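What follows is one structure encoded as structure tokens, with my remarks underneath.
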Amino acid sequence: MIRVFAALVARDLRLAGRVGGSGALSLVFFLMIVALVPFALGPDLNLLSRIGPAILWLAAVLATLIGLDRLFQADDEDGSLELMTASPAPLEIVVLAKVCAHWLTTGLPLALASPLFGLLVALDGPATAATALTLLVGTPALTFVGAVGAALTASIRRGGLILAVLVLPLMIPTLIFGVSAAQAALGGTIPFATPLTILSGLSLIAAVVGTLAAAAALRWGE
Amino acid sequence: MWTRLANPGHFLRWSVALTPWLAGAAALTGALGLYLAWFVAPPDYQQGETVRIMFIHVPAAWLGVFFYGSMVLSAIGTLVWRHPLADVAQRAAAPIGAAFTLICLVTGALWGKPMWGTYWVWDARLTSMLVLFLIYCGIIALWRTVEEPNRAARTVAILTLVGAVNLPIIKFSVNWWSTLHQPASILRMGGPTIDPTMLYPLIVMIVAGTLTGIALHLYAMRTEILRRRVRTLTIREAERLDPGASVMVAYPAGPSA
Amino acid sequence: MRLIVDNLAVRRSGRRVFAGLSFALGAGEALAVTGRNGAGKSSLLAVLAGRLRPAAGRVAAEGVGEASIPECLHVVGHRDGLKGALTAEENLAFAQALLGAPRLAPKAALERLGLAHARALPVAYLSAGQRRRVALARLLVSARPLWLLDEPTAALDAASQDLLAGLMDEHRAGGGLVVAATHQSLGLADARELRIGAAPQPEAAP
């Protein structure tokens, strides 16, 4: 079972590396949203640094959607998914491995790149570190919630738009606690640890619920 | 008995008989509730006459949640027992629940104008209802996208259950977010300290709303069953014109040619 | 293993594809499924693979212990399950890790299919026939008793078809089962044939 998991992760990482995949694209998208905000709000650095964590989080939520629609659809189209259902490992392991690989190529780069983009919205050192940490802890929740939508829409042609409609409301809690943890680090009435703990809890819940639901959706694909 | 009642054919028969009674009861309690709400309940000493919006707003909020609950039960019915009536119930409930949630949001906004001086305040309860409305929209959109009814039912059932797991989390996080950004200066709607002269009309209105909702639901389920029958008949007609492959000839052949 | 299909009926999107299909297949036997296009050959294979839920009837496997049917079979069909960006060898190594029960190494399997020279090439650069042979090499990298082949000879030249026939004979000699949907002869010795034919026209349509 661990062998299957490792083989799947290795395959998806290799594919992402060869094809370019959605990782780089979602990073560029992330950068674009961060760059658009000052054009809408004006280049007031005080304002930008105050809402900086919120901008980064919102951009991360939207960037997570990039490439999500292909997560299971690509394998459904070329028959790989059929091959995976013939594996002795349960489909949940397959889903877990694919989502982990997807997070490694999209969510993790977002969290790692966020300090760089934090400069654009004038975040200082502690705020940058706090935002990056919350993104690191919170993006798995976004990816797992998104995976449910990806599995539900795997066999729908042009499912990208409906995928966004399905999963965005479910990402609201993660957004709330991600931003409030980052804001708490900037100073405020609540300690940093409280929302961060809840955020990690959300990631764990999303990992369990997301894996089970996505596997169920794929199993009943037809 | 339940399996008999849940057979779609039987369902059509007993629901036809039941719906007029339900609708009548809903109309009577509704009339009583409106009378109580307009003429018996006193105006609020702070909010004046606008408090009467509550008699629509609160039942609508309850029904929005009630129909999501009924969809969760139907979703379990779809996934565990693969019962066709559960699919139908689920599908029929979504637009009704979405409509009541929308009514709740609109009346909330209308109430907000005199109370808060603005149509929309990011109050925790209203915001939770807004998220519920968004989830309803996603469910309805998914229904419309997946064509084959059985597959659509299973797909939507999974989404409904994931939403059900998420709704308490959303409620909790929205409360957290709301207290974080707005100190509790907002007057809480309803609340436990409601006066009996307002409580009784409210209860009557909630009962009337629930009866209306159930009657609408039964009616929508009948429509959905009939729509599926039309679909089946159309397929049968197509099959009659092209009978397809139904005869199987299996025989061991000699050395293959 | 022994494959038993009992009174199987399949509907797709509510349309009847076929009904009342029964057969049993023992170790070493082969079944050629023939019939016109759209008659339900692929649907039958999809049901056997556990990908499509039958409207009625059942599919059962005997003598495989705890394993479920999808765990006992190989599928090679139109959708070959190969990733174009990976090399032939990587694709096969992945399939071997995924399916378990390793038999031949990916390299040896490709050699059997006459593709030793192509093993380090990304599959996207291979011709349709070579691609099909890579998919067929999957049959050799892990041992599974039931082979489900959907038009296995499509895009194969005569030499490769002979090669495939040899592989199937070898598999059956070892107690394996083959179910193949096909338009043309596969060179299967004493295979049973299942013909999905058109139903006789029912009472005259008005």
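Order as written gives the chain letters A, B and C; numbering starts at 1 within each chain.
Note that a contact is a pair of C-beta atoms (placed from the backbone, for glycine too) under 8 Å apart; a residue touches a chain by one contact, two chains touch by 3 or more.
On a predicted model such as this, the values are computed, not experimentally measured, just so you know.
Peer 1: Which chain lies the greatest distance away from chain B when centres are computed from Cα atoms alone?
Peer 2: Result for the farthest chain: C.
Peer 1: Hey, which chain is the most central one here, using CA centres?
Peer 2: Smallest centre-to-centre distance to the global C-alpha mean: chain A.
Peer 1: At what distance in angstrom does the C-alpha mean of chain B lie from that of chain A?
Peer 2: Spacing between the chain centres: roughly 30 Å.
Peer 1: Indicate the whole-number Å distance between the mean C-alpha point of chain A and the mean C-alpha point of chain C.
Peer 2: 38
Peer 1: Would you mind pulling out the distance in Å between where the CA atoms of chain B average out and where those of chain C do?
Peer 2: Each chain's C-alpha centroid was found; their separation is 46 Å.
Peer 1: Among the residues of chain A, pick out those that touch two or more other chains and give their numbers.
Peer 2: 222
Peer 1: Along chain B, where are the residues that touch chain A in the complex?
Peer 2: Going by the criterion above, the answer is residues 79, 131, 134-135, 137-138, 141-142, 145-146, 151, 154-155, 158-159, 161-163, 165-166, 169-170, 172-174, 176-177, 180.
Peer 1: Please output the residues of chain A touching chain C within their complex, sorted ascending.
Peer 2: By the definition above, chain A touches chain C via 3-4, 6-8, 10-11, 14-15, 18-19, 77-80, 82-89, 222.
Peer 1: Note which residues of chain B are touching chain C in the complex, please.
Peer 2: Its residues touching chain C are 147-149, 231-232, 235, 238-241, 243-257.
Peer 1: Spell out the residues on chain A that touch chain B in their complex, using ranges where they run on.
Peer 2: 148, 152-153, 156, 159, 162, 165-166, 168-170, 172-173, 176-177, 180, 190, 195, 198, 202, 205, 209, 213, 216-217, 220-222
Peer 1: Over in the complex, which chain C residues touch chain A? Could you list them?
Peer 2: Per the touch definition, chain C meets chain A at residues 46, 49-53, 67, 70-71, 73-75, 77-83, 85-86, 90, 93-95, 97-100, 122.
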